[in-house]
Amino acid sequence: MTAVSTSTAARMPYRLSGAGVAARGLAYLGLGVVLFLPWFTTDFSKTCSLAVIYALMGLSLNIVVGYTGQLSLGHQGFLGLGALVTANVVFKANLPIWLAMTLGVLAAMAVALVLGLVALRITGLYLSLITLVFGSAITSSLFALATFTDNNSGVKIQRPSYLADNGDWYLVCVAVLLAVFYLDYRLTISKVGRALLALKENERVAEAFGIGVTSYKLIAFALSGAIAGLAGGLYAFRGELYSEKDFQDPNGFTLALLFVVMCVVGGLGNRLGVVVAGLFFGLINELLDDFFYAGWVKPWMHHVPFLSSYYDSDVKASYLASLIGALLLLQTLIFNRGGLGAQLRPLSRWMTGHRFELHDESDAGIAAVEGSSVRA
Amino acid sequence: MSVLDVSGLSIRFGGLQALDDLTLTVNEFEIVGLIGPNGAGKTTAFNCITGFYKADRGQVLYRGQDVTRTPPHKKAAMGFGRTFQNVGMVKSSTVLENLKTAQHARVQYDVVTGLLGGGRVATEERALAEKADAILEMLGLQDVRDLRVGGLSYGTLKLLELGCALATEPDVLLLDEPSSGMGPEESHQLGERLLELRRAFGLTMLLIEHHVPLVLSVCDHVYVLNFGRLLAEGKPTVIQTHPEVVAAYLGGEAPEALAETHETAEDEALDEATAATRKKKRGA
Amino acid sequence: MILALNAQQQLGQPLVLGIIEGSVYGLIALGLVLLYKSNRIFNFAQAEFGTIAALTAYFAYNGKLFGIPWHMPWLVAVLVGIVLGTLSAVLTERLVIRPLFRQPKVILVVGTVGVLLASIAVEYLVFPTQDTASLPSVTDVGLKDPAFRVGFAAYNVSWEQVLTLVVLIAMALGAVAFFRYSRQGTAILAVSQEPTAAATVGISIGRVSLLTWTLAGFLGSVAGIVSIGGAPLLVPGIMTGTTLVGGITAAVLGGVTSMPGAFLGGLLVGLVHQYTSAFFSFPGAQNVAVGLVLLVVLLAFPKGLLGSET
């Protein structure tokens, strides 16, 4: 009567052997070591902090775009708001670092809730326009007020003495990333994640299942804003500076667009892919510099017509990075919709105790991307 | 007390009066059928009753309580289970995930606890999975447990949708054409299943149906809708030969419709000719 | 007497300036509406075609383009700029839009976002952009005197500004006529609403798509040339930074599928900008005002002020 997959029926539950556990344990240990290594450096760990912050932004945006299906083109606004509030409460009221960052989170969450309220009435393409305009508006108005920028010279703050080292701050960032990653995991295996996925695909069905669409959309925006605000606080303390120019156009919207590219290239709805993509885009400027100025590259790269302009000014690194990002985006959209996440799936399944398989039948990731559509 | 009491339900879309003063009652443990030609307003009625549309006039009472303006997700929590005409499920998720999602209203832990985790969440999640497995077993769908819903056949989807509606722990089930896409054998099985479910879970049901044998075998009472208006109501056997109902389906006036069920002289002549031709063919 | 004049000027100047500024938003909006009518998506790279055109024109006229100091006459440089800007649109259509044609719209929109990022990056890498000062205005060929003076606003309108407005009106009228009277126009509408049916009656979807994007590229390029003339600084991303949000708002105000609406919407946005900066002086006031207008319009009129899905 019904179409049945015989392989599923025949599949036995997979049990981990002792060797399997040991191998995976070793893999986790290796990962931990690699993550820890930058602690020994000073400049590189600062770059790595930025990479981790980008990864956090990826997780934040993923909740709204990947899990809830709404395209947000103004997320630099939340990052900046977190930085603005954190830096200013420290600068003006001398609040301790943890309290300052909490306030940054709350501020970003509050504004995200407002955007969420808008999202209840306006969806799809029109919502993405609103988010674009929102990003522009808030970064050019609120962020630029003299009182928040210490009269346009940038708010300077300092990390507490026990975190003065760049390497130490990097570890704080990594700890936050791991915590948020775990939170995201809990999100997806709980009723909240299921509710978001249901309402992303079919609001009527979600309601028939008892899911209040209003509440959950607001929860998604609030959560996304909170994580971005947290990233903003980390960002402010990383550079020990809040400068509105970091978030204003054209840097601002370029950053917002880059975050979207990150999410898509990482694989919408795939938290590991999004984190890896974020790390990649955060590190790429450094990597490009190292590549272009490497002893074995520079002599001949000078003569390559298009790329040789890289050496004219060091602001070029970020633009070549966004070009690479755009190319990766195109490749992902056309050839590999599941993004990095789909590519990494065999590995991530293995790490979580499953058999190593190149093709997974219950692969929902790609279809999740196909399912979303923009209604105008 | 009646489970569902709909009175004077009316809704207008632009120039079209989709529902006009609809009144129906579903009593406890009844299986009530809602039939009528395509476009009669049956699904519209469902949407109004379950809260997806806001009716212009009228009232919906659930066990005496006015739920006319209650939003759909709250109705689900109250005990309204529903299926949709174009199979309503989360296509990109697995069957198991869908069944767990369907139990959303029954989950005890709140959002924050869900995010933080802990023993209680794990225990409840396990319970959700067990309930899901129980439903799958009851419907004979264990094999598709971990498959993505989007790739399944239509017949499986319809059955699954019923399973999701059951997962919401409903008091009253509103099924929109549960037998669509099914052949006579499958429809018959569905009918048996519905009766069994009523017995096992003490359910009350309201069915939109086109399949006459199913309506006959399963429904205690039938309402007929045409052009948004109640045309007739009564026992299925009575409705089946009700002249106006037949006319509505076949098109034409009542006396002609009755006449069509009698063989005319022309029909007899045609039968003889056909029989003769067949004999010739067998002979040759 | 003097006070009365000032009040009149205060109200009048933003009106004139608003119309002039709005004409650029209108041009961008026209291109956006054209692509929305044909592809049902918003092209976030629309304004950037203008930057490409402007940068090309500048370096062809005054500097090095691809390493060669062309020193073309100004009008030739402008033409080359428009050609190159249009070509970028064509490239976008071939490399991004065609492969993703049947995908959900959000995929295409994200694709145009990628094109925007790539364009800005390429501009930095291709043009020696440290050297850009300002682009000569289109009318630098000799008409230095102001075109006319708007009395009540005490404002001298330059020939360039007149040209911008004339170009906008011409384009808007042309677009409306095109869609209503030409075969290609109808074909474009057919493809956007029912691609399979359109293909069945012999309309080449590929050719129609190419045509629309060429037109859109042309509109965007022209917008870049006429609006950046005389601007203090010409940097990659400038058209997007200064006109995309305004253009999008204009398109939405006008109803997303209405050409005349885009035109009027552009003027409206220009007026909002000018009146806001005349009466409010906090930073970013213009962006906030436009944002609020967009929000209010979308909340109250989900289909825009003039639009309907035709």
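Read from first to last, the chains carry the letters A, B and C; within each, the first residue is number 1.
Note that a contact is a pair of C-beta atoms (placed from the backbone, for glycine too) under 8 Å apart; a residue touches a chain by one contact, two chains touch by 3 or more.
Everything numeric here is computed off the predicted structure, so don't read it as measured data.
Novice: Identify the chain whose mean C-alpha position lies nearest to the mean of all protein C-alpha atoms shown.
Specialist: Central by C-alpha mean position: chain A.
Novice: Among the chains here, which has the CA centroid at the largest distance from subunit A's centroid?
Specialist: B
Novice: So the centre of each chain is just the mean of its C-alpha atoms; given that, what is the distance between subunit A and subunit B in Å?
Specialist: Distance between chain centres: 44 Å.
Novice: Between subunit B and subunit C, tell me the centre distance in angstrom, where each centre is the average of that chain's C-alpha atoms.
Specialist: Inter-chain centre distance comes to 53 Å.
Novice: What whole-Å value do you get for the distance between subunit A and subunit C if each is reduced to the mean of its CA atoms?
Specialist: So the centroids are 32 Å from each other.
Novice: Counting only residues that touch at least 2 other chains, which ones in subunit A make the list?
Specialist: Residues 370 of subunit A touch two or more partner chains.
Novice: What residues of subunit B sit close enough to touch subunit A in their complex?
Specialist: 50, 52, 71-74, 76-77, 82, 84, 88-94, 97, 100-107, 109, 111, 114-117, 121, 125, 140-141, 143-148, 150, 152-153, 155-156, 159, 164-165, 168, 186
Novice: Contact residues on subunit A for subunit B in the complex?
Specialist: Going by the criterion above, the answer is residues 1-5, 8-9, 183, 186-187, 189-192, 194-195, 197-198, 201-202, 204-213, 219, 361-364, 367-368, 370-371.
Novice: Inside the complex, what are the residues of subunit A that reach subunit C?
Specialist: 71, 73, 118, 121-122, 124-126, 128-130, 132-134, 136-145, 249-250, 253-254, 257-258, 260-261, 264, 305-307, 309-310, 312-313, 315-316, 319-320, 322-323, 325-327, 329-330, 333-334, 370, 372-374, 376
Novice: Tell me, which parts of subunit C touch subunit A in their complex?
Specialist: Contacts found on subunit C: 40-42, 44, 67, 95-96, 99-100, 103-107, 109-111, 113-118, 120-122, 124-126, 128, 130, 235-238, 240-241, 245, 248-249, 252, 256, 282-285, 287-288, 290-291, 294-295, 298-299, 302.
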